[in-house]
Every structure is written in structure tokens, then in C-alpha cells.
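Several structures are given next for inspection.
Two complexes are shown next, each including chain A; its partner changes from chain B in the first to chain C in the second.
Right after this comes the complex of A and B.
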């Protein structure tokens, strides 16, 4: 599935130039055990985890640097020297492409005094020269051992008597970078599982995001420009919303539905669901992974592309759907799985209408910077690009109507949960408790209801506890290797069958 | 081929000297001095690398900018 690999031996090539010798203590603040705040068995989650600053610091320390995070799209850095400024948890990073076409993720902070070596959103350069004292880092692999290495410092000879070990003072590199069909992920943790193990069978949703509408592998690119805005809400509201909360749609987005912003226009649905498929949600179940990932749908839930108000668009997407159906059926693949979905912890996306990636960057316990990328087929004709761009803008982003609905909820929910009394009372996650269904996917179960069902959120917060309580990577892997929800479902089904046989 | 330089841009990195000391040196202030202007065909590859290694583009091969 991987399109590109790090040159040579990835583990050797990408080791950080110098292990931190004077590292900050792993727990700068007294750690608070978060496990007692999440009661998965009874479906209750304390509000503390959405508002408490100490817990937020623990997330920054124990969760984000140890998880695989979405950094950017390879189509944002198509040429040697291209770079894109992004964030991984608390840290600014640069997604770069070197002279050999490989992508790297570098900490955007000079090793001398920490200045951001690049203050631009994106650009092209073969070197980052720090504005402060002009330490210069090269991404030209023919000049340095590994892109990001320190290439020169002013007055090298007189200031350091030539003794500065440039090989040890390069930009800090993310030790593991993975390009999945153009979606670039990275982790700071050398001990983290391989990307494929981290995503498990959730990769089918990533495939449907990264492959073109007609099924062409990795056939997508992003529209130029990322929408970025801040909300006064905890980042987990965002992740959870796209993880499988289809329950909010009818109430929250009622006015959007009334306006008719979708492909079919007025009177049609905002995601472009067709009217003739025997009910909008027939056969739909949510999919919850023990790894923490979740999707609002399942792979067998086929949702053909919309019927547009404009016949030429219907024709274009009908052709794409037919081509994709043929291709996937030949591969024995089901046609569903477009989301919305969230890859643990903070990358959300949808692979249908709209087709978009969202990252909820944590700023504080009660503030989040939201970034949205919008995808389009690489070979889409102009009229399709134009239509999608306009649809995306009226749908999502800070000015998008659906996004505004969601932001309103998350902002007010955060504010109304900050009070001393409010914080004493847990949120309710009991939908579908004890009614989970078996899945053919490994390490996954389904909801028993298309719209209601909070099994995804329960698994997300269970995984969240494991990370935030700083469970070692080997134990994290072991706990996700066996989905203990599955035998419980089997026991329940056996009991139900026995009960039925008796009656 | 001839070398050009702009000492006003130089920051004394010294990368050029480390790669090609036949053509470049640093003066007492640590700034670049072109010690040999002419670049032969045989020397070209090394000198080009030295030019490319300058973080502030203070040196160049005439006509190749």
C-alpha cells in the first residue's frame, strides 16, 4: 500500500541526529491517573477530560508524541525542496521533499536557540536558514548525510574552532514517516508499532479516502490551501463527532438540510444520498476498532454517488462509480466505507461527499485549531473541480454551514462543562451498551443501529486512557491485539439463542 | 569559467573552503576570499558543489547563476 519509502533503511536513515541528553522529565506535572474518569462498562465519561488543563498536558506528553499523526498530503510537496508547515501535537513540523523525492518530517525549531527555521505556511527551498543566527539546515541529500542535517553555521571556524559536530545538531527528525497513498503520517516514537499495525483494518477507510472516485489507487490530490481556524472547545469533541456520531445529524444540521446545500440541491440531502436505495441508512452500522479508530458506517453499506442537479456531474460520477464498482468487485472488495471516520487520535475524514480531511490540533484543554484539507481526483476535469470546491466551501470549514453547526455545539458544550458543579457530572455514552455486533473485520465490532450507538466513542476513550496513562508501547500493542469485546458478544448471542430455543 | 563572490553576503560559514580549498579561503575576519578565479573543466564538479553549499549564495560561477 505504501507508495514511497524512506530512502535506504528507514530506521537507520531517520534516527534523530542526537538523542536528547538533557531531556525534560517525562512527567513535568504530577500525573493524574485518568482511568477512573472513563467508565466504559457503564458508558460514562467524566467531563474533567474535556476541560482539565493538567489532563491536557498529559495528553500532550503521553498521547500525541506516541501516536501516528497525520501531517499533510504528499501532493502539497510535489517537487524537490517543497515544504509544508504543519503540527504534530504540541510541536511545529515541516513536511519536506528532498532531491531524491523522499518525504521527511522535521521539527521546525533551530537547534541553537529554538527559533522557527521557517515561518511560512509553505514554499520551496533546499535549505532552512534560521533568521536568528543563520544556522543553516539542508534538505539537499547530496550535500548532507540526511535531509534536515545542519549544513553550516556562521563563523564555523572561529566561533567553534571547527569543533562543532554538525552531524549531531541537525533539525530533529520524526523517526518514523509513512506515506500511505499520498497521506503522510509520522510519529515521534521509535517504539510505536508499524503504521500498518497501528491502523489495522481501518485502512479500508483510508483507501476510500486516498483512492480516486473511480477507484484508481492513490488517485487523489488536495486542493491548494488548507483551511485553519480556532474553536473554544476541547479537541476530543471534534474527533468524537466524526468517529461515529451520526446521532447529532438530524437535530444539529436540520437547517442545513432545509436549505439544500448538497449535490441534489433543494429538497435533497447534504451528503447526496439517493432517494431510491430503500431508506437512507438501510444496512448501515458503525464500525468500532479496538485500536481506537471508528467509522460511521461499515464496508458492506454501499452508498452510490449522488444524483446532481447538473446532469453532466451525475454522468461523471456515475461513470466513476461504475468503474470503481467493477474494480473493487473484481478484487473481492466491498464498496462501502466512506465514513465519516476518525483515525485515533485526531485525524477525521470523509471519503464521500464531501471528501475532506480534518485534524484537530490541541491548543489547550478548551481550545483547538482545526485544519481542513479537501481532496479531488488528480485527473478531474475543471467543471468537477469547480463544483466540488464550491460544495466544500459551503459545507465545511469556518464558513461552511455544516461546520458552523458543529462548532456551535462544541463551543457551548465546553463552556457549559467548565463550571464547578457541571464538572461533577459525567457525560452519557450508553447508546447500544451491551448490544454490539460481530464484525468480519479484525479487532472490530459494529453498532446495532445505524444512527444511534456510542460503541465507537467508548472504544476511543478506552484507547485514550491507555495512552494518556502512559501504558508502554508493548502493552498498548498487546491490549489491542485481542478485542475482548468479541467473546462478550459471542457469549451474549449464545445466551440469546439458548433463551430463544427454550421459549 | 570564472568565479564571482559577494563578501557583503558572506556570513563566514566556511562550507566552500571545506569542499574546495583550491579556489576559496577565509580572510582574517572569517569572510570568503576567492584565491583562484579560473575553474578548469576538471575542477568544475568540486567547485560547483562548493558554490551550491553556500547557505547565503555569496559565491557563484560567472554565467551560471
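Right after this comes the complex of A and C.
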């Protein structure tokens, strides 16, 4: 699927051809260079990037408005006039659907005095009327050129002599919106690469998230209700946790694993791995993309769906697995790639058990608002919906027996890194350093071990530096076009082979 | 005035199906209140096994999400729906048992070191008397302090359905309306 705007020129309708005269420069110079704070070669990252407010402001300015961000799911706005309130970095936005069925992302702030035109979490309307002075913005393409444009201005004649240029004063619109199988992403940067280029071959993980359990393309929707909660942690702890850190599971989640809340019931693993099929991590490798994305597994790590305590669920998911296997084998696709994974910078997800999306919205250097959505197959029967919904709620979110313990770590790791002395000492990211493995995926490498996931974090922070130091988009594209980790692996392997030949 | 902001508009605030006298209702409320205060004490003393015994086998615990919705949607959509939509909690007794098991592992880091918790239950009144079951409305204030300066205050309305079992009561259904849309606590690792 491609960008869906077809009517009007999104770049022209609500913005003048020249940059606004009084606007801040689009990319102000960073006030602190962050590159020296991330030592990828030695696997060290300064704590400053997790606690410093100036660096946080640079992230808001240089990273979030220039990246593709997850805004919401298309199934949250199924009908014309539906809207869902979301955030993109520092800014509140509205995900809307117009009368032609197309989705838009609008800045939720009146162009007159900035009032939030909608304080609702969701709803249905064909226009947003600002409560302050009643400027109204239509999302009905029949009234305005492009949904989000200014439609009604009280006292247009007496206050503005009819001269106000309504076409220039519509809600600020994200110039680039992409609906990927129901997952709606947007970016503020018209110079950003296309979505497909931004995600690269990481899209296989997005596919496994968005496709149904039986492989039906885009066959998913979200359960109604988004969990939203505040944590006193830097947002990057959240991204990093799902990016490839399965290392934390044994310690952090010892208590939930001891209880057993997964498909198999008490005493069985919480993700439903089948122990009789070679253990839960045999053959598993992390996958790290030069683009910054990372996954906790690899596509060839094919983990069948779980065995459930309830036979009818086992039968249902066995059928789904078989159907998906047949379809993907025919396409020459491996069956793995369920995550957990993080799409740079702040969308995390898992495409299996559970199947869920998380966004870590940045509030301050030390505070984050976490949102979690849960996905289900559109055609799932009630008994499957019921089981999944209850499993998701006891697993994830603030009440989830797994996620509760994550927040304890993220919060107190952040708090204990605020000290003057603590800040002088870097975090360690040396897992599997110099032991990365080649991948058949473009712009990606693997870890050499199922657990050693910090290869993913090193690539994530390398990409983070490039964005936060405000590298122009063309240079960002160029730096990601060639994965310079690959020749290093090849050199190492050649040296190892030569060494072996000598001995 | 037109429109309504409550699904309960026009409904009686109290229904006495059993036909108890005023004196009997006073005794019943005192009895039920004492039960709910004892239950709160068991929780705050972390006597979880004894507390679980106060929950009926068909117990259902529901804490829906609260949403900001337009005036005309308040009645239908202000809260997410039990049984079909995402809630903070919507689960049977068995899951509550799992939560107790987790609390008793000693490695449940969200509650290690243990939090200091006080459950305040107030505004108690009978909503419906249909013995052996009664429906009780109350307000809750759950205070949690943990480690040093981490403090959460969760406030809202609670509706309990209690069932007489011998000389005592059991909780059959508990529904909490927490007065937050974005949870300001980092987690819900305690029973609210």
C-alpha cells in the first residue's frame, strides 16, 4: 500500500509556498553534539543521553519530526468522520478518516491561537470546531480542498473583511502518511525517505504483526481500548527493551514465569513455546538493521503456535499455522519473525503471543507516556477473541504480570542514573561485540547467540546519533544504504578461515 | 434539558427486592460494611491467601478504561466494555490467584521491596438487596507508597456484588471505575 492522499496537493493546501516568515528554522543547530556520547566500536553509551534535558529537547527537534512514527491503527477509524487522538513526539495529532475513506494526520492545535481543537480520545465528526473562537476545520472533502482545511471562520466579513486566506490556515497536516496493512504511520518531514525505504527489510516483522495468524494479508484489527500510562523513565529504555533485549527475561520476569500465565496454563511458559520442539531459543538470532530497527529473532527461527490448555484453541491455531505455512512456503518466505521488535525510534511490537503494539511517547528526559494496543484477527471467532483478550491483559500493560516488572526496572534505572557521579559512567553494550553474523536480509546483521541482543542496541544508538545530531536526510539515507558492518564481518571470517587453514 | 450524561438516568438508586425493613437494612449495611473493611485489612496486611477465600469461585474483577468522549457518546462509550474490550483488568478469580502467586515469589520486582498500601472504602450504601446477594456502591481511595518517594493515589467508584455464604459474605463481582484516563501510576501491581 502506498500513501493514500489523492486529492489536492498536501504540501500546498495548508502551507504557503515559502516557509512561514516567523517560523523557527526547520532544523536548528544542535546545542550539544551527541556523537561523542555513543561509542559503538567499544560498546559504551553515556548515561547523559538518558537523563539530560538538553539532549531530550534535541531529540524532540531533530529526531521525532524527521522520523516515521506510528500514529494508530486504521481499524480505530473505520468510518468517515472517525478520529483518534494520538501523539507524534512532542505534538498532539488527530488520525482522521474522510468521506472518501482516506486517512489523514492533523496537528491538533488551532491555527488561530493554538487551542487543542479536540480533547477527546476518539469520536466521529465531520468538522473540528475550536472552542476558543470557533474556527472550524472540515474533514469532509466536499467542503474543502483537502480534509483538515479551514472551513468556517466566525465574522469572516466584519473581522477579516472577508480577506482571510482560508486555504493557508487549515490544520497543519502531516505531509506524509502511510497506511501499511492498517498500521498508520506519519512523518512531518517531506524530505524523509519513503516509508518502504525507511523500514527496509524490517517490513517482514511488520507483516507478521499486521497479517492474520493464518497469513491473510492485513487480516488484523485492534481491540477497542488503548492502555495509556505514565512512567518515570527515559523513552529509550522502552524501545531498547523490545529491540532485542531478551537478556532481561530470566531475571526480570522470573516471577511471572514461575506462575505461568501463557497458553499452556500454570507451569507453562508465558509465550507458549513448545518445549518438545527444540527448546525456546535454539537457532534463534537477533536481527539488527543499519536503519536502527531491531528484532529479537530472525526469519528462519520458525516457532510454531503454542499448545493450549484448551484443545479447541490448539486446533484453531494449528489450522492457522498450517494455512500460513502453506501460503508462505509457496511464496518462498520463512515462517519466523515474530519479534519482539522495535521500529526506530519508538514503536515496539510483538507479532505472536502476545500480539501487541507499544509506543513510547516522550514527555521529558525522565518521563514517558506508554501506549499499548492489542491486535486480533478480524475473523477470529469469539472463543479465540475472549482467550486472547484476557491473555493480553494479564500479560501486558501496567496491570500485566509481565510488564509490571519492566516498569520497575526502567524507572529506577533512569532515576539512579541522574546522579552527578553516576552520569560519569557509561552503560555497557558489549554483548557479542565483534561477533556479529552475516544476514541474507539487506542492511542487516545477526547476533551470534540467541540472547546476545546488544548488536541491535548498538545499531539503534548509532542511528539515534545520526538523527539527533541533525544529519540531513540525504546523508541519513546514504549512511544507511551501505551496511559497513558487513565487510567487517567478512574480513573477520576470512581471517578466521585463514587462521584455521594455518593450524 | 435534553440529553443525558449517565446510563443510570431515571433508574432507582436503591432496589429492595427482598423487602427488608429499615431496621433490617441498617443491620445489613453495617454487616456488609464490616465485611468490606475486614477485606481491605486483609489486603493491606498482605494476607493474600485469606483474602482469596473471600472471593467467590465465580468472582469477576473488572476495571474498565475511562475515555474522553464527546457529550453525546458519554453514556455509550465513556468506559470500555467488560468481556469484549480492553480494560485495566477484566478477569476471573483464577487470574487473581495467579497474581497472588506472583506476589508470593519474592522476585516480583514491581512489589519487591513491598509497597505500603492503604485501601480506604467509603460512601458505602446498598444499591440492591436480593438476598442472598446484595449490591453495594462505594468510593475507593487506594494509596501506595513504595521505596522512598514513589506515591500513587487511585480514586474512583466501586460496585460490589456480595453473596451470603453461611455466616459471612463473599465477593462475586467487583467493578471499579478509576478516575483516570491515562494511568498516572507506573503499574497496577497491587489489587485496587
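Here is the rule we go by: the second predicted complex is superposed on the first by the 476 of 503 C-alpha atoms of A that agree within 3 Å, B and C clash if a C-alpha of one lies under 4 Å from a C-alpha of the other, contacts with A are read in each partner's own complex, and residues count from 1 in each chain.
Methods note: a residue touches a chain if its C-beta (ideal position, glycine included) is under 8 Å from a C-beta of that chain, and two chains touch if they have at least 3 such contacts.
The model shown is predicted, which means the values in this text are computed figures rather than measured ones.
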Combined model on chain A: chain C and chain B, fit or clash: fit
First, second, both or neither for A:259, with chain B first and chain C second: second
Partner chain(s) touched by A:66 [first = chain B, second = chain C, both, neither]: neither
Of chain C and chain B, partner touching more chain A residues: C
First, second, both or neither for A:127, with chain B first and chain C second: first
Chain B versus chain C as contact partner of A:408, first or second or both or neither: second
Partner chain(s) touched by A:155 [first = chain B, second = chain C, both, neither]: first
Partner chain in contact with A:392 - chain B first, chain C second, else both or neither: second
Which superposed partner A:136 touches (first chain B, second chain C, both, neither): first
Superposed arrangement, angle subtended at the Cα centre of chain A by chain B and chain C, nearest 10 degrees: 80
Overlay on shared chain A, then closest C-alpha pair between chain B and chain C (Å): 15
Of chain B, residues touching chain A in the complex: 11-15, 17, 26, 30, 49, 52-53, 55-56
Contact footprint of chain A on chain C as seen in their complex: 63, 65, 67-70, 73, 77, 80-81, 83-91, 95, 98-99, 101-102, 105, 107-110, 147, 150, 181-189
Interface residues, chain A side, partner chain C - complex: 119-123, 125, 223-232, 252, 254-256, 258-261, 266, 369, 374, 385-386, 389-390, 392-394, 397-399, 401, 403-405, 407-409, 411-412
Complex contacts: residues of chain A adjacent to chain B: 127, 129, 134, 136, 138, 140, 142-143, 151-158
